[in-house]
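Chain nomenclature is as follows: A, B, C and D, assigned in order of appearance, with residue numbering initiated at 1 for each chain independently.
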Amino acid sequence: MRQDFQSILNTIYQELTSLDDKGTVASYIPELAKVDKHHFGIHLRTLDGHSYGVGDFDTRFSIQSISKVLALSQAASLVGNDIFKRVDVEPSGNPFNHLALLEIENGIPRNPLINSGAIVIADILISYLKNPKQDFLNYVRDLVGDDSIDFNLEVAHSEKITGFKNYAAANLLKSFNNLENSVDEVLYFYFHQCSIEMSCRQLTKAFYLFANKGSSLLHKAQLTESMIKRINAIMLTCGFYDEAGEFAFEVGLPGKSGVGGGIVALLPDKFVITTWSPGLNKKGNSQLGMMALEQFTSATKLSIF
Amino acid sequence: MRQDFQSILNTIYQELTSLDDKGTVASYIPELAKVDKHHFGIHLRTLDGHSYGVGDFDTRFSIQSISKVLALSQAASLVGNDIFKRVDVEPSGNPFNHLALLEIENGIPRNPLINSGAIVIADILISYLKNPKQDFLNYVRDLVGDDSIDFNLEVAHSEKITGFKNYAAANLLKSFNNLENSVDEVLYFYFHQCSIEMSCRQLTKAFYLFANKGSSLLHKAQLTESMIKRINAIMLTCGFYDEAGEFAFEVGLPGKSGVGGGIVALLPDKFVITTWSPGLNKKGNSQLGMMALEQFTSATKLSIF
Amino acid sequence: MRQDFQSILNTIYQELTSLDDKGTVASYIPELAKVDKHHFGIHLRTLDGHSYGVGDFDTRFSIQSISKVLALSQAASLVGNDIFKRVDVEPSGNPFNHLALLEIENGIPRNPLINSGAIVIADILISYLKNPKQDFLNYVRDLVGDDSIDFNLEVAHSEKITGFKNYAAANLLKSFNNLENSVDEVLYFYFHQCSIEMSCRQLTKAFYLFANKGSSLLHKAQLTESMIKRINAIMLTCGFYDEAGEFAFEVGLPGKSGVGGGIVALLPDKFVITTWSPGLNKKGNSQLGMMALEQFTSATKLSIF
Amino acid sequence: MRQDFQSILNTIYQELTSLDDKGTVASYIPELAKVDKHHFGIHLRTLDGHSYGVGDFDTRFSIQSISKVLALSQAASLVGNDIFKRVDVEPSGNPFNHLALLEIENGIPRNPLINSGAIVIADILISYLKNPKQDFLNYVRDLVGDDSIDFNLEVAHSEKITGFKNYAAANLLKSFNNLENSVDEVLYFYFHQCSIEMSCRQLTKAFYLFANKGSSLLHKAQLTESMIKRINAIMLTCGFYDEAGEFAFEVGLPGKSGVGGGIVALLPDKFVITTWSPGLNKKGNSQLGMMALEQFTSATKLSIF
């Protein structure tokens, strides 16, 4: 099967790199708009110890919203299921009224993977960690086993001065008493969290615990099996903005995308796969990444369904 | 493992039947309000050929919205992926504005398992079937291998004269040209579809194909593996009203509930399980059924995540 | 001043008939789409007993939603302020989610001049009148003093077979127990009510009581001064779909428009004015009519503000 | 008539001060919660030069949202109708989703009297005025002819540290490029504007120009008659939160309320009236003030309708 995986990745890579339409690089964070959209990389790690890659799988990129899963994971390890007193686990549905949903539902975000929910998770981490930014970075470095992983301060700063919708969401949360810390402190942490840069290979390692019942590559039992199952469920139902249903439908794996063009997906007990291509489709997910994962699960018939 | 399954079901049954709070029997369809809420049954069928039951698993009840999956399945066998030109596959999110979503999204229902989506599926079946009601009934009978399965005409009639919200939804669909047939014809079919009565044991058989790559108990290849995967994904993300995320989170199986108190859930390649208890929780899903399935997947550690 | 009014109307007429863009004739009711959009008429009646007209002010057209004010007026004369237990008096705001508003607000329409509110008023009339259609027609005939006024049965029928959004609204009202009579009965009445045909001159007479403290041209004290004030307030805040604020802002008179291209407006104690031009602007109000009324109140400096 | 007005005010005062239910003092701005809810004052000024008062009509209170009309007025004198490129003139309808409306409507607030609209007006003033806070204060002082009018810096500060919903709205506006200045600068101005303290008598003077075709007590032609008419129309359709329709219906005057418990209303060419009672009803308007104005217009039969 080892050879098969590599040849499947090669085929996907060749077919997709030849496409004219590679989507549109996110422009709302000025720093991200500078990335060349011709990058494309895929990395796969199976739980039986093999790994496979094609293209730019060792180039680092801004993981952005993918970081939300890692922050949720750290918060879950600190607080357990009490997280879910402050954030729900339902898909958010509407693209057009996230703030309204928050308003109607009294400041309880729909789930921890939409921005408002991730901002609540950031607030939880700040309350629990001594040195929040450094401690979160160390958590991620430890999952991967690589101390070179770091924030991109230009990207964090770029969001700080342009992220008005996040300020709107955080202030709304604050008005409902669902932030313990100050809006500025929470968003400052959150923008750093999102600015972390990693390669496909590193992300595959970072998400290894979600396919491996809670044990990371280096450490056993970071999270209980039950919590891992729950986080995987949240990724499946909420991990892809307004395309969560579409991703479950076409790909059938828990996963998470980011506007930097990365997508991580996984099949419990089997594998973790990461793709990166900076061009986004209309719903804000990596265009080639979505196609690559669809083709991969079609070719291998490996999905949770 | 055979004995284990039976003893797990027995334990769950004993614990839950002793609970005081059994939820509230649905009252909006007058005929359904007559059911005794002390009924409780579970039936499990594994793909290795065994089956297990406890309680009232041979008593028939109104399958209601569970029928939506069977109608979707028949429509998929007739029309294939063209279904998804007329209905989307995203979770619906808000409980409070289903009609508004339909209005904003130009008459394309969020998914085939909310009422408006199921009404579009009913319209598709009417357009494709010669004798829609009889042909759909035969499809279900054939899945189970039991010609005694039938509509409950009192229940169908009861909905016809009280189902004003469904008339509202169907007329809205019609105003957007997303119904080919007349509102009355479509709803008449739809109310019959929902009125079918089956036992837990029968439902477990009817859903066997979704765990078995598209082959039912009696026939091979009713649906392609790819379509089965898609329908399972829709069940997972959309099968439980506003508790879809919660069910994925707590139980972790594709499934579908009905206001008659039934729930069917399945693990691909492994098993199908059906519960029935008529009392509903606040979100409209069977209260004991939700708990039973959560306990079952916790005890067996069998879930898709 | 008599000559002034006539010359102001003449000037407006000449200027507006020379415009190329006359809006778009409503097409959603097939019968209405047949009307020639070059019609344009204005009729003015002052409370000191004079009247002025220009263009097609004696041609009859479908009054459509203008009838809602007359139905409200008759209902108010029968039921008084109890009407407002079943329908609110607030502007509706959003164009895009009228059904959702109704859903969220438990079946209480925002005001009696949006469709759902007018359907509730129709239900009230049916409950109180012996021969609802005929009695309502007689009420209107009596306001004008003209027994030749009648329904257009083709238009009523045309709406009956295409008015799916009204069926959706009525069924939603019924689901909230805010209709006493059957959906079909209420809408059948409502479509007749809207199909009445009148000329500008006749409409000016019909609305005379709203400028004249409740006394119509022929009869004293049809409604109390207090009720007249309330109905005028509703016209001002809710009479022009999503342009109610715009109309108050630009014109400054209570009034009501219809998709047939008519607009009636009035200044208490001073005058009633009716315009008709079948082409509608993007918000569904008569394009030339809106301009004519704006020019009229600018030229005369007669407005409530 | 002079005596009549005074005796009408006296009667209203006596009746309403004897009521047990005086509403609830606003608590969301901590400084405002300290006010004694037994205050009650009314002041009336007619355009024929008389004035009448009863109760605490010379006690100053926080004018809060009433300031929005004065800011709009100053902005209109500087910018004219260009204001309405950045803010609409439609009633806002829903209480529960103001932020969502803003989101759906691309950052164009529904009208200048809801918070988001008033924040845009504040932004306009900051861009046009040399010393915004002082220049606005001078504008208000000049309308009244009283240089003792001032901000309450404790109240302004109190809002600055608790006004999270306003920060949410301002950031959302900023994300749609509908703020030229920084969020902090705009809100700092806005909180000062709202913190101005005036008595009923002073407010009556400040609003004199809206009843007097644009000329204030001291100066001619501050605003054109056309602009005055427009601002009056906006007050009528949008001046009372979700009770705008109710106020038009029950009272029938253009006006504006504030959470400090003040209400100013006016009849063009006739009078300006101000009430103050700090207890608010469920919709956020002064409970006794609403009743007083309803009784006043009923007793005098003076309204725009």
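Some observations on this one:
What we mean here is this: contacts are C-beta pairs under 8 Å (C-beta built on N, C-alpha and C of every residue); 3 or more make two chains touch, one makes a residue touch a chain.
Nothing here was measured: the structure is a model prediction, and the numbers come from that model.
Minimum number of contact steps separating chain A from chain C: 2.
Among the remaining chains, the Cα-based centre furthest from that of chain A is the centre of C. Note on interfaces C-D and B-C: more C-beta pairs are in contact across C-D. Chain centres here are Cα averages; for chain B and chain D they lie 55 Å apart. Here the spacing of chain B and chain C, counted between their Cα centres, is 47 Å. Distance from the chain C centre to the chain D centre is 32 Å, each centre being the mean of its Cα atoms. For chain C, residues touching at least two other chains, in rising order: 96, 104.
The full set of touching chain pairs reads A-B, A-D, B-C, C-D.
Against chain B, the residues of chain A that register as touching in their complex are 88-94, 96, 101, 104, 110-111, 225-226, 228-230, 232-234, 236-238, 242-246, 248-250, 252, 254, 268, 298, 301, 303-305. Interface residues of chain A facing chain D in the complex, by the touch rule stated above, are 96-100, 103-104, 164-165, 167-169, 171-172, 174-175, 183.
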